[in-house]
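Next, two complexes with subunit A in common: one pairs it with subunit B, the other with subunit C.
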Partner chain A sequence: MSEFFDAFTGANLGYLMDGLGITVGVSVISVVLSLIIGSIIGIILFEKLPYFSSLVGTLNNIVRNLPLLLIIFFTYFALPQFGVHLPIFWATVVAMTGFQSAMLAEIVRGGLEAVDRGQFEGARANGLSNMQTMIHIVLPQAYKKMIPPIISQLISLVKDTSLASGIVLAELTYRGQIVYAQNSNYIVPVLLFMTIVYFLLNYGLSLIAKWFDRRLA
Partner chain B sequence: MTLLDHYFSVFLQGFGHTLLASLYALVGSLILGTFFAIMQVTTSKVARAIGNIYVQVFRNIPLLIITLFFYLAVAKVIKMTGFTAGTIALTLYTSAFIAESVRAGILSIEAGQMEGARANGLNFWQAMRVIVLPQAFRVAIPSLGNQFINLVKNSSILAFVGGLDLMYQGNLVAANSFDTFTTYIIVGAFYLIITLPLSYYIQYLEGQLKKKA
Partner chain C sequence: MSMIEFKDVQKYYGDFHALYDINLKIDAGETVVLIGPSGSGKSTLIRTINGLEEIEEGQLEVDGFDLHDPKTDMNKIRKNVGMVFQHFNLYNNKTVIENIMLAPRLVLKRDEAENKKIAMELLEQVGLVDKANAMPSSLSGGQKQRIAIARSLAMKPKALLFDEPTSALDPEMIGDVLDVMRDIAKNSSMTMLVVTHEMSFAKAVADRVIFMADGRILEDSSTEAFFDNPKEPRAKKFLSQVEHH
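What follows is the complex of A and B.
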């Protein structure tokens, strides 16, 4: 049993936890950026502008239905063909943001559709412009309902960051692979350790989502 | 397009493996997922706890970790290829999400259905199989469809363990041809052949359900 814990020297543990920092960093930056971009796309989808909305909707569906791994590889390996060289960290953020924006756009559209029509009409009747109605009246109500699904997107982001180990981003999963490459006896302990770390982080997030769900219901 | 011509058989082989892994994992995770969904709605506290732990664990850890576990640790004891290891991991991971969808479906069916069936002499499993599940699945179809789309996309995880799938073959072609851009566009198109029609069909189904409601 003592062998089991051999893998967790201070150096290895620190190295792994730094990886967790990168995992969380990528996830948080991506979720904030994709919340902004996803909201813009979501509003465009909701407004049903002639031609433009259906064009954006089609592009959105295409991105949503591709594997994230493909989008990550595309961003890192294919974009340099056009002179766009991104460092690994930012390539991951760009790929994740692109993918999550498409996911969140659908959530935002759904949230907007759930807001009662009377809210629009009332605000317009009180002299607010379309833009003001959106920003001050409709979006705040829509976001409140969207908190739980947004948190579950954050959970998938944390999990999906592990895919970036494929382009050698030094996040938690990649660092785990480095640690157990030292000694094959480390494989099981390190995988278990990563399982526990990911689980605690994501399960904690899911409890927060549940709490909001109950409070908003 | 000469690239597509030149490597067509490679892409097709990858497409076949992706389709095969997705179908195996779909069947496996439907069975497992339904089983754990039923466990979560039984009256036994132990069964509910087991079902709950299973779902929470597999929902909250990355698919890649599960895949590596089977490929590096389990495969040492029981010999298996990367394709098998990846497909097993896909099945377990997806089954947790399917369990959630099916459970939501079961809970949306009136309790009176179960009570009526039991009062008519069916036991719990019979009532579940003949009365409750058929109705629950009808409700759960859109969300199950979304899980299947995710499953097809997630099957790209096989590329990490030499699973010969579309993503894996795409990486080979990219390394061989140096035209990464065109290669990944073609790989993406192959994935969209499966996922895009499904996604539009689900949107249509959801629209139908909303109209009924």
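What follows is the complex of A and C.
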């Protein structure tokens, strides 16, 4: 049993925790950006602006139907061919944000469509502009309905940061692989460690979501 | 002075001709009731007046604005023309008092203390002061509709449109809502256009009755003339049907 803890030398543990830091960094930045961008795209899709909305909708559908790993490869390996050189951390953030924005946009569009038509008509007939109707009446009601699917999407974002190990971003999963490559006795303890860390991270996220849900209800 | 004027207005939903040759003039301060069988175009007509439905042909002038002109700012009309809906359409995410105060705050930039004072007076008028901080979901249909009326009145509109305001209510709730409407008709100079099936209300408060069927205005008479001696056979038939209830 003592062998079990051998994996967690100070150096290994520090190395893994640094990886966790990168995982959390990519996640937090991508969550914030994709919530903003996804909301904007979702509203564009919902508003059915002539030409523009269907163009955005088509692009959004393409992104949504690609494997995330392919998008990560694209931002890290293909963009430099077009003269865009992103550091590995930011290449991951761009890929995660692009993919998650597309997923969230569909959730936002659906949430907006689930708001009763009467809410729009009541507000517009009351003299509110389209923008005021959105901000004060429709979006707050839509987000309330959208919290559970948004949170499950954000949880998958956090989990999917592990895919960036595919481009050798030194996040938690990649570093875990490095550590257990030293000694096959480390495989189970390190994977177990990663299991607990990812679980706590995402479970924490769902607890925050529950708190929000209760506060808004 | 005319508040609302339709000239040869046509409205289509695809191939369906929803409003046919509508010519109608409503003066400021008039109370007009619009009746007719379901599917006759009453709701469509009333919804064109604040631009919730667009017209395809003809001219529609409301409060001096031309609604068929794409340059017309619809929000300016809606500021002066309120609407009360069959299904209330209260803001589900706002308390009762916030429902009433929101549009005056955002659109009229009314001072907050003044806004609150007016809202409380309106709650008093509709008899729901104790519900100021309630959420709409906790109210009965009749209470919701009285709040919806208060919300419209808070904008101090020149005209108020009622689109079947009592049709979704339980019978015992209808009286309270009609009382509030009767009070507005009697005690204010507001122009009122009411789509309803409540004939006793029409008889009691309307200056004029308009009868519609199949997207056309078939009869436009003073209230007395309409109920005592309807000219149109379809209006006669309609009246005999609704009065048998």
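As a working rule, the second predicted complex is superposed on the first by the 203 of 217 C-alpha atoms of A that agree within 3 Å, B and C clash if a C-alpha of one lies under 4 Å from a C-alpha of the other, contacts with A are read in each partner's own complex, and residues count from 1 in each chain.
Rule of thumb we're sticking to: a residue touches a chain if its C-beta (ideal position, glycine included) is under 8 Å from a C-beta of that chain, and two chains touch if they have at least 3 such contacts.
Please read all numbers here as calculations on a predicted model, not as lab measurements.
Engineer: With the two structures overlaid on subunit A, would subunit B and subunit C clash, or do they fit side by side?
Structural biologist: fit
Engineer: Tell me the angle subtended at the Cα centre of subunit A by the Cα centres of subunit B and subunit C, rounded to the nearest 10 °.
Structural biologist: The C-alpha centres give an angle of about 100 degrees at subunit A.
Engineer: For A:Ile137, using the defined touch cut-off, is the partner it touches subunit B, subunit C, both, or neither? Pick first, second, both or neither.
Structural biologist: In the superposed model, A:Ile137 contacts subunit C only, not subunit B.
Engineer: Looking at the overlay, does A:Gly118 come into contact with subunit B only (first), subunit C only (second), both, or neither?
Structural biologist: After superposition on chain A, A:Gly118 lies in contact with subunit C alone.
Engineer: Would you sort A:Leu128 into first (subunit B), second (subunit C), both or neither based on which partner it touches?
Structural biologist: In the superposition, A:Leu128 contacts subunit C only.
Engineer: Between subunit B and subunit C, point out the one touching more subunit A residues.
Structural biologist: Counting contacted residues of subunit A, the larger count belongs to B.
Engineer: Now for A:Arg64: first (subunit B), second (subunit C), both, or neither, which partner does it touch?
Structural biologist: It touches subunit B, and subunit C stays clear.
Engineer: Report for A:Thr195: first if it touches subunit B alone, second if subunit C alone, otherwise both or neither.
Structural biologist: After superposition on chain A, A:Thr195 lies in contact with subunit B alone.
Engineer: Can you give the closest approach of subunit B to subunit C, taken over C-alpha atoms and in whole Å, for the superposition?
Structural biologist: For subunit B and subunit C in the superposition, the minimum C-alpha gap reads 20 Å.
Engineer: Spell out the residues on subunit A that touch subunit C in their complex, using ranges where they run on.
Structural biologist: 116, 118-119, 121-129, 132, 136-137, 140-141, 144
Engineer: Give the list of subunit A residues in touch with subunit B in this complex.
Structural biologist: 61-62, 64-70, 73-74, 77-78, 81-82, 155, 159-163, 165-166, 173, 177, 180, 187-188, 191, 194-195, 198-199, 202-203, 206
Engineer: What residues of subunit C sit close enough to touch subunit A in their complex?
Structural biologist: By the definition above, subunit C touches subunit A via 50, 52, 74-75, 78-79, 82-83, 85, 87-94, 102-103, 106-108, 148, 151-152, 155.
Engineer: Which residues of subunit B touch subunit A once you look at their complex with the stated criterion?
Structural biologist: 56-57, 59-65, 68-69, 72-73, 149, 153-157, 159-160, 167, 170-171, 174, 179-181, 183-184, 187-188, 191-192, 195-196, 199-200
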